[in-house]
Structures are given as structure tokens and as C-alpha cells.
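Reading through the C-alpha cells given below for one structure.
Lettered A, B, C and D in written order, each chain numbered from 1.
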Amino acid sequence: MSKLRWAMVGGGPNSIGRTHRLAANLDGHYELVAGVFSRDSGKNATMGKELGITEDRLYPNFEAMAAAESKRPDGIECVSVITPNNTHVPACLAFLGHAIPVICDKPIGVSSIEAIRLMREVDRRGIPFALTHNYSAYTMVREAQHLVGSGRLGKIRVVQVEYALGSRSSLVEAQGDTRFAWRADPAIAGPSTVLGDIGTHAHHLMRTVTGLELEAVSADLGSLVAGRKADDNANVNLRFVGGARGQLWASMVACGIGQGLRIRVFGEQASLEWHQEHPNELNLRFENQPNQVLRRGDPWLCERAKRGVRTNRGQPEGYLSAFANVYRDFAEVLAARKAGRAPDPLADSFASARDGVLGMIFIEAAVESSRRNGAWVEAGDQRLGATA
Amino acid sequence: MSKLRWAMVGGGPNSIGRTHRLAANLDGHYELVAGVFSRDSGKNATMGKELGITEDRLYPNFEAMAAAESKRPDGIECVSVITPNNTHVPACLAFLGHAIPVICDKPIGVSSIEAIRLMREVDRRGIPFALTHNYSAYTMVREAQHLVGSGRLGKIRVVQVEYALGSRSSLVEAQGDTRFAWRADPAIAGPSTVLGDIGTHAHHLMRTVTGLELEAVSADLGSLVAGRKADDNANVNLRFVGGARGQLWASMVACGIGQGLRIRVFGEQASLEWHQEHPNELNLRFENQPNQVLRRGDPWLCERAKRGVRTNRGQPEGYLSAFANVYRDFAEVLAARKAGRAPDPLADSFASARDGVLGMIFIEAAVESSRRNGAWVEAGDQRLGATA
Amino acid sequence: MSKLRWAMVGGGPNSIGRTHRLAANLDGHYELVAGVFSRDSGKNATMGKELGITEDRLYPNFEAMAAAESKRPDGIECVSVITPNNTHVPACLAFLGHAIPVICDKPIGVSSIEAIRLMREVDRRGIPFALTHNYSAYTMVREAQHLVGSGRLGKIRVVQVEYALGSRSSLVEAQGDTRFAWRADPAIAGPSTVLGDIGTHAHHLMRTVTGLELEAVSADLGSLVAGRKADDNANVNLRFVGGARGQLWASMVACGIGQGLRIRVFGEQASLEWHQEHPNELNLRFENQPNQVLRRGDPWLCERAKRGVRTNRGQPEGYLSAFANVYRDFAEVLAARKAGRAPDPLADSFASARDGVLGMIFIEAAVESSRRNGAWVEAGDQRLGATA
Amino acid sequence: MSKLRWAMVGGGPNSIGRTHRLAANLDGHYELVAGVFSRDSGKNATMGKELGITEDRLYPNFEAMAAAESKRPDGIECVSVITPNNTHVPACLAFLGHAIPVICDKPIGVSSIEAIRLMREVDRRGIPFALTHNYSAYTMVREAQHLVGSGRLGKIRVVQVEYALGSRSSLVEAQGDTRFAWRADPAIAGPSTVLGDIGTHAHHLMRTVTGLELEAVSADLGSLVAGRKADDNANVNLRFVGGARGQLWASMVACGIGQGLRIRVFGEQASLEWHQEHPNELNLRFENQPNQVLRRGDPWLCERAKRGVRTNRGQPEGYLSAFANVYRDFAEVLAARKAGRAPDPLADSFASARDGVLGMIFIEAAVESSRRNGAWVEAGDQRLGATA
């Protein structure tokens, strides 16, 4: 397939933008041709030059880019929105308004209200939209999803999920960590810093693997670093539709932990465990037969899990490969749309606007519960209906 | 030291009694000379014979044993109480009433009221008493305790503790699992089966390692196996005195997990992790220097951790060695008492009656919180004062 | 069963004697009643007193003990020989000469000649004899043996075995390490220090698990610490009867390794891996189905593996439990002999005199090959015939 | 930097070519503009089309491509040679003859004679040349290299290295595995299949990490699958210049192992272990202080190790990232050459022609030793001199 003409909003130096570019590079489906990388015109120019963007396609803001590119015969075919949280929805709406497909970084926004508005616009216009819950795109996560979905574990009873990292164990937002500074500002990051930044990844992972929706949460959010304005630790008890129970833990003060995203799912017949720090293995455990270790690349994995494998059996892949799966699948959706055919049904490793909305509802419910002395608060699509 | 004359209440076939006997054997400090192993006189006789108990010291019940042995010149010097939970306190009181030191299996009883009565009796009479929270006696748990206590982790912010096992994933109490049958009966096991059986181990482990006391809990207890009368899964959010937060998870339906007792403690400077399925290692993690793996037997461990090491550096020890530490330390306390000297201050690997009381308070608080929609309920010694 | 009257030769302070005593204690089958713990009469007296040996049964040397005990009506029923290597055979012969069963520490001696003499005496007189290759007595090693024996792996092609430890990485024999001082003296330890001390454990483990006998070895022994008289590192290529190939590595200079005994066996259908630092797990791997992790205590293990389990499923056991299996099984053999019945056929976790002879042949062949520029030297029972 | 015009020889469907393309894609420095992907003109055409090569730059053979491209003003700036082993040297020479820089897959060829010829040509003409020993380009391998080089381990005593995989455990070359068919043919693959295919990776890894050169080898090569013409298992004892000893094991019949490349290096002060199945960790072990686990991305790693990190601290990377390091560093060398400046001295993650020559010498020495009953055969650059 020929390369997609692609642009980026945000993604300047020292941001997650580089990761998006590497992920887009890997399979060779994207060519970065336009962008607005910073609101600072100097930084924007420097970055554009470094990335080989011609001056006429380096824009001062996303509105200008959306307007100009939509008029070019060789205009962009898709755009990645990699700005701070509070501009996600406005930027996405701007591109959707010009029928330009969007890849949006998570969380989808800063409130369920604006997220629902975006979701409705996506649905109404039928424009492809992806949210980069990249961890759910790991091949062994897809296998976990398959194992649960095919009934291998039996009915699910317990889900334990966590995203722990240590890198914000001190007051880094006051020590020059610009990546975290805006995340620690509720006005930009939304109602919960820890849940917006990493908790929603755990939330989406848990929904992806189990196929279950939350019913309610009972939460305790805390700010454990002196001087911090934002929350940085979230303990959440979970109840799922259908009766399963669980716990979610998200923490930025887990001193010494790298990127500790882990999920364990316990069913009536078996359980599974996946940990992103060793992402190529999936532990499958039983009461009545020996435990198993499934590995990325094994020929008996499901088709979804195989689709994400680019190398020989036994070779480890990592974070970039998973992230690249999102870009590869989105490219397939765009290619199919262009060709007037249905996309490969396996090309679904990315999250939808609805997933994003449910993530925002989860955050808001947890915040409310924490404020209300741990009271159980509805946290699933029953609330989506209510808000609608 | 000469062997202690020792007796057992409970501990019949297919019970934890065998473990107590192996643990007592290891260091050679105990000789089993009397017992009441079952209320069934036939089983009692068979067990007594198998264990080499002479007929005159095989008793029909603990009251008879306490009375008779206290009158013999060669009467027992200590007794282990290994009965179902609801007879722990009465049995312990019977022996304490005759000034016989007691090793009691956990949990200490079935209510904080009776536990407090027992604690007061222990304190009033000054008789040695131990509760077998055997997991806290692992050498690497003692090292973890030392690391936290000496400030190596800095102020503690987050504690994540869990005890997961899969062996009650089906309705085993109806399928001939007599060991679980009484545990699944609240009348015998107390207000929470899952917390009484395994949750208190997690609770004591967490208090031992961190030195912190609970302030309050917000809990969700559930019974996840169809037909089960008892709870089998507990999700508990924790708040500690001094501001630390945490989660405790105890589950008997963690399909495929053996004895998954694990603790992670996160401080301002470092964190640690210990897992009883690999009990000879302790992971110590930092933001500002390389992570470390401490191993049982390493010469730089603290004195408490070294005390429990019986073999060459690098040789793995397991559950029985930890359990034996409790018996060895209790023997030292009795030997010191006999000799009129202070015991080795490191011989403290066993839990006290007060620890048992706090365990019961924790259980009762969690049950109450779960009933009250997740409301935070006091769960520490402030409640001990209140009840007192 | 009543306790066996048991004695010890060697096993003084700071020796492996304590481990033998703990192992003998665990199941309660032995009572230490006599001994000669040191050639130094003062140390001997101190140790005897500490262990509760009455003065009349504390002997100045093994000859005296063998003679005296064999005449007592309550004489010892078995003895453990835990002296330096060069006195193993003389001591064993002394006790066998008085029809006293012997548990002998490994290696069996210092030459195949004397080992064969001992083996013949054992065979001729029909006295129970055990060599403490304790690592082969781990329950998961017995399961590994079962898996290979039952054909689960198919025909064996490759065997990789190693015993690495770091504790002799510096010249400890000159720094007060008395335990190693005699081991570093070829006159006492035999022709190869590293193979005698740890290599024979690897050799016996490999024979136990695979059921294969060595055909020939090509070896490179080295002394890698400046000033050391003994070898401390052995690299050995292996050829087995039937065509399998392999490597054995034994090293005392593996800086930072605790007790790194590990075996991997590769067959036509599957492979297995066991590591004594995590002894409760056995990895079973396949090309055509998911890898498995078998765990001590799992109900589907073979009877031999189950026999060594003393605790609940999922509880880790360690080095002492494995060592105790040797003592427990030897007690069963003696009990059966006394009762005139066949012993439990599963009570075979200990090595025989013949195993000891093959261990000596292996050492001598490796030493010879190393001297002969790596030439392949016969190293199995073909050589036993030749020497006979 | 602008993209390099890049071509490929070999790398057709179902080959390692895809991996080279993904690796070249990742950092965006290469644009594939020409190629000869197969000697089968149909397959060549299909592949060229799929990869977007214009018809005029799709060539029937490498000679034609070298000649034609060197004449174009927009001719290729570098080429990757990914053919079977016996055409590596001729193809490389063809491009070098036209002053076109070459990335060559390993092993460098099929004999040390031709490899030396190639090395001399590279040296004589000063054209950039890289051999894709991609495993040595992992960031944690670079850290291992740094730790040894900076003396952290002290003088090296023992090196244990292995590359085990299970995928050729059955006679796959007769069952349609075309990727292995030519490797199992000595006429194409060279004197040792197992050493050429995977043993040279282990050899290069060991030289990279330790900085030591081999002195001699004593080897046992075997063919363990019935019907196989090629060797598939190699046991090699190693002696290094300076006195270190070691073992290398390379096996294609390690049933159930994925890509088991592992190295352990033991020095006087410390040891390290790296395993490519968990490539983001490096274990560092000591006798006199706690063991450490170093992780990719940690800020205290050496500059070489940091250079290969593209993602946030704690995110795992894998095989493709390491492979991409080779392409990225080669691009930097070419860019510097073009700009007339010295390349970044850290851009050296690729192997040289000399490394390739030493790999061939190692193979030939092992084959000779195996034929000569395990005799020690010189295997280092002393032999390079001799052959020269």
C-alpha cells in the first residue's frame, strides 16, 4: 500500500510524539507531511525542520492545519493529536469537521460531557477514529482477550489490574519535568491526574481482556507527595456487570517500578496473568492441570495474537511493536475505506471513542466515590445513558 | 537445651497438625508427650498411637488435659491449640488457667470481644503465648521489617498486600474437603471465612513489615462460588495511621494460584517486594540507583534475618523452616523463663495475643464496611481502646 | 515407628553435620545417641555435650565406636559418616564390618579403587548403605526423573547440567575458611576438588533425571584463583551411552551465585529444566504445545514426587526437606529390614555405593582427559568393568 | 538527515529480509529503492512490486544491480546482502568494487579464506561495512560490555555462552521449511550449520561483552536428528587469551526453547548475566554486596546503552529495536562520511569484517577439534595471522 499522508498536532521535543513517529515508521505505512508541533513558533519551526516538514505545511495551530490541508489535493489523510488532555476534544473535532481521520492520544479528554460530544460526532460522520490505548495492542493481550472470550477461563470472578510507576515519586513537576508539569495541573489534565495518565490504560486493558463492563467503583484517591496539587495514587474496588469483583491500583509513587502495568483475571476454570514488563509471555493457570506459559509467536495462538507478530518465533518484541500495531491497524482501516472494502476484522487493536468515553466515566465515578467516603458509584455505560 | 514436654489440642489426621509437628521437630526442642487430637475417641486413639503418646496422656478433651497435666510432676511445659477457630479462646484460657504456655493457631478466635478477654488473661498472668502467623517468620520477611524499620525505604506511602489461593475455586466444602467444611461455616470460622483463614495472615504480614497500624478500611467482601455460604473474596482499601494508603486482597477463588501471599511496600526512597512462593528473595527497588535482590543467607542481612538461617548461603529454605522459627523462638522464651534470664531479643518471630486481637478487629471492621456500602470503618487500636 | 538409634562420625561445629541433624530431625525417625565429632578431644567433648550425648557413648575415633556400639544391646542402628573425603571409605568399612548400616556423605571417597572395594563390601554383606546426594531427593527432581523415564520427553538428545557457586571466588582457604581448607588439599579431597565437592552432585543429578550412563568425557579443569592448589572450575563435554551429548560445568568461582545447581534435558518431544534455587518448579517445554510449569504438590505429579511433600499444595519447601527425604527413606529401608518386609519401593531417594563408584570414575576420567589435551576418556560403567 | 537510498540483495518472501526492512524503517533513515529479491524472476517481480520498487531498479542479479546503480546519479547509497551464506562474499565484493557500502547478514561467508579476502578489500578501499550481529546491539549488551570494560567485574575468569533453539528439533528441512533447507546443506551454509547459523551470534556476543579473544577451542559437534546431513548441536570448551575459560553451547534441537541466547561472565569481583528472552534486564551479581538488576532506560547506564533507548524509562523494547540499532548506526556512519566529519563514536553497534573473519576461524577450529577427538585447536587471531 502507498504511504498515508499524515500530520501531527503536538508531539514536540520531549513528548510522546517521538513514540508515535517510531510506531508509525515501523511498518512503513505513514509519511509525515504536515504538523503543528508547538504553540511556540520557534520550537515549532525547529521541530518541523528536523522532521523534514516543508514550511508551507508547518502550521501555527490545528485549526489552520485542518482548514488548509482539507483544501489541498495532496492534503493529509489522517492526523495524530498528541496535545495535553484539555485540547484533545477541540482538536479532534476540528479535523473530524473536515472529514480527516484522527488518532488521538489518551485520555480522550477532560470530561465525559465533551467526550460524549466527540463520540457522537465520530458516529454521526462515520470518520475513522482511534484512541491510542497502545498497551491493549500487545499480541499477548490480544491472546488473553481471546482466551477469556472463548470461554477458556470459564465465567470471570475476579479481576486485579494495576499500573504502577515510580517516576513521580518526588515532586518532579517542580524540578523541571515539563512532561509531568501539565499532567499535575487539573485544569489541563482533568479531574484525576493518576487515573487520566495511567489509570485509563489499566481500565481499557481490563475491559479489553475481560470483555466485561464496570458496574460501580468504590475508590480512594490520594496525593502522597508533599506539595503536589494532583492526585498520584488511586485504590479502587471494582464491581462488574454480571457479578465479578476486582481491584484497580494506579500509582505514580511506586518507587523503583518502571512501567508496571499488570492484569490478572480469575475465572471458574482458569486464570491468566500478563505483565507488560515481560510482555511476550502470558501465564495461564489451572486448578486441575499444569500451568502454562504462552509465548508471543507460538503457532497455537489466536489469529489476533498472530497478526501482531513481525519476527521469528521466540524473538521478544516490546512497547514499540505494540504501539505500532495501533498505527498499522488504523492504516488498514483507512486503506479499506479508500478501496471501498471492509477492513480486515482483525485490524481492531485500537480503542474507539466509546472506549474513551467509558474511560472518562470511570475517572469521574472514582473521583466522586473518593469524595463520598468510598460509596459505590456507577461507573459503566448505565451512566453513559444517564449523561446522554 | 533439653526437650520441652509438649502437647497438642486438635491436629488430627488431615489437618495443619502435621505441619506443627514437623516445625517442632526441626530444631529438636520439643517432645510430644500428650494430646487430644480429635473429639472422636476412635480417631483420637489411632492418632495418639501413631504419634507414640502413652494411653494415660491421651485425653478426651482439653479441659481434662489441662487439669491432669498441671498436676503431674512431668506435666507438659507447653501446648499447641490447633482446633477450629471457635474453640481457640476457650482452649487457650483453659491452659493459661493452669499456667501452661500456649501456641495458638490463627486466627486467635471468632470475635474481638473474646480475643480481648484472652489477651487480658495473657497479660495479667504473664504466661508466654504465641500465635502462629508463620509467614511473618520467614527470614526475608524479617529483613523486610528491618529495612523499613531502619528507614531504608523512607516514609511509607503505599502498601499492597495479598493472599490468593485457588484451592477453593469450586464448592469443595460440599465435595468432601473436611478441612474447608468447618472454615466455610460462619458459626465455627467467625464473621469472615476468607479474612479469618488467609486475610489475617496478610494483615499480620503487613503490620510486621511496615510497623504501621491501620486507621480504617473500606471493604467489599464477596462469595463468588455458587452455593457457598461463606465469603471467599475480599477487596479492601486501606488507610494507615500516618497517611499511608494501600490495598489488601484475599481470595480463595484465585484459580491456579498456590499460596500467593505477597507484599509490596513503597516508601519515599525505595520499595520492597516479597512473595512467599519464592521466599528466599527480597526485591529492593530504587528510583536513583539499581534495583537489588537480597537473598536469604547473605552476610549483610540483619541479625533477625540471619537468626532464621539453618543452612549454607544460597540454599533455599521454605515454609517449614519459617514455621519452625516460631517453635524455635517460643522454645527460647520458655528456656529463658525457666533459667530466669531474659530471652534472646531476636527470638520474637511469633505473633502476640495483641496481634491476634488486632486481626479480629480488622476482620470485624471489613465486614462492617462491606455491609455499609464501602464506608470507611476504623480498624486499628483506636477500636481496641473503644472496645476495652 | 520408634526412633532409630543413630550415631555420627564427624559433623562437628561449622560442618555439614548440622544439616544432617536437621534433616534427620524433621520426620522424627532418628535419635542421636553416640558419636565422634572431632579428632580434637576437647572439641569432641564440647560437641557431644551440646548434642546431649552421654559420655560413655562419645568416642575418640570411629573404630572404637564401631567396636563398642556393636556390642551394646542398645547399640546404634545406623551411623552417618561426615568426615573429610579420604576417611569416608575406611570409616564406612569399619561400620559395615560390624553390620551397621551407613549413611555416607559424598563423594564416596578419593579413588575409584577404594570406592569399588566399599561397593563390593556393601553388596557382599547386604547392609543398607546410602550416599547423600541430597539434591537428587528434591521432589521435583523425582518428577523430572519420572517424566524422562515414562517417555514424556522422547529419546534424550542433549543434557546440560551445572553446579556453580561463588563462595570460593577468593583464596578463602588461606583466609580462615576451614570448611574449604581441607577440600582445597588434594591429599584429603581427592583428585579434583571442584568435581569432588560439587561436580559429583551434578553428575548424580544428571544420571538420576535422565537414567542415562556416561560413555566418555572431554574435560578442561582449571584453577582460576591465584595461589590455589586445587582446581576450582571444570568444563566437561559429555557423551552418553545411546548417543546423547551434553555439557557439565562445575565452578567454585562463579562470583555472586549461591548454589546454582541446574539441569536441562532435551528430548525429541520435549525438554525440562530444574534449578535448585527455585526447587519447587519444574519447567516442561514443547515445540508443539504450550510450555508447562509443574509445581511441587500438584496432584498430577508421580508418586515418587508426591512422597516428598509434607505440606499443603503451593507451600514452598527447600533444601532441608530434600535432605530429609534421604534420611526418611533410609529409615524406611531399615524399618522394613527389621520387620522382614520389602521397603516401600518409592523410598529410594538416596544414592547407592555403585552411584558413588560411578561418581569417582567420572572424576578420574575428567582429570585424565584434561591432562590429555581434551581427549575423550571413557567415564561410565565400561570402566567399572575394566577396573574390577 | 535525508533518507539513504537503499537496496537489498535477497530478502524475499519468508526470509530474514522482512526483519531488515522493519529495522531499517524504525528510525526513518532508509528508503528502499532497488533490489534483487530472488533468483526466480517471478518471485523477484512480485516482491519488487509489493515493496514499491520501480521496474527499472528491480534487477535479475547483484552484479547487474551493482553495475547499474553505481552509474545512476540517484544510485543506491548502500545495500543489504541477505542471501544464503555462500554468496555473501561474492555479493559484498561486487558492491564494494563499486564503492557501495554494504550491510551483510551473518555469517560473513563459508570459509575464513574468502572472509579474509573480503576483510582486506573493505580495509583497502575504506568502504563502510557492517555485519548484522544484531544481538550484540541490544542496549543491555552494550551496558554489559561497558561494565566489563570499565573493570566492574574485575579480571574475567569464566564465560558461559549459549544459543539454544528448538525449532529444528525434527527434520524440518524435509518438511517444507525452506528457510532451513539451505542452512542444512553444507555446500551452501558452510562447514558447520549450527555454528554458522547461531553459534557465530554467541561467539560475537561473547567477544563483544568480554573484550576477550579466543585462544583455542575443544569441540564436539553432532547431528542429533535422524536423517539430517548437517550438524545441529555444538558443545565447545573455550580458552581465552589471558587465561579465562568457558563453554559455548549452540543447539537447534533444544526442544521448546524459543531464541535462547544467553551469556554469563564471571570476574574476580562480580558476574553478569544477560538473556535475550528478557533483554531489558541485566543481572549483576557480587559476593560482597547485594545483587543488582539493571534495566534498559535506567539513567545510570553508560552512554552506549542509553543511545539505543527510544522510549520512556521502563518500557520494554525487543529484537527489532536491537536490530534497528545496527541500521541506525550504519546510517550515522554514512551520514558522517558524506559530511566529512567523524561519526558519533557511540555509533558502533555493528560488527566489522574482522569480526566476521574471527567468526569463521572459530567455526573452522571447532570443526577441526571435533574431528580430532576434542584436541585443542587455535581459534583466535593468532590463526588470522597464520592464514594471512
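Note that in this section contacts are C-beta pairs under 8 Å (C-beta built on N, C-alpha and C of every residue); 3 or more make two chains touch, one makes a residue touch a chain.
Note that the coordinates shown come from a computational prediction; the quantities given were computed from them, not determined experimentally.
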Distance in touch steps, counted as few as possible, from chain B out to chain D: 1
Pair of chains joined by more contacts [C-beta pairs], A-C or C-D: C-D
Candidate from A-B, A-C or B-C with the same interface as B-D, over half of contact pairs in common: A-C
Centre-to-centre distance between chain D and chain A (centres being mean Cα positions), rounded to whole Å: 36
Distance between chain centroids, defined by C-alpha means - chain C, chain D (Å): 43
Centre distance in Å when chain A and chain C are each reduced to the mean of their C-alpha atoms: 55
Where chain A touches two or more other chains, by residue: 167, 257, 284, 291, 295
Residue numbers on chain B that touch chain A, as the complex places them: 153, 157-158, 160, 162, 166-167, 169-170, 218-220, 222, 224, 233, 235-239, 243, 245-247, 249, 251, 253-257, 266-271, 284-287, 291, 369, 373-376
Residue numbers on chain A that touch chain D, as the complex places them: 2, 18-19, 21-22, 25-28, 52, 165, 167, 257-260, 276-280, 295, 297, 310-321
Footprint of chain C on chain A - complex, ascending: 284, 289-295, 298, 300
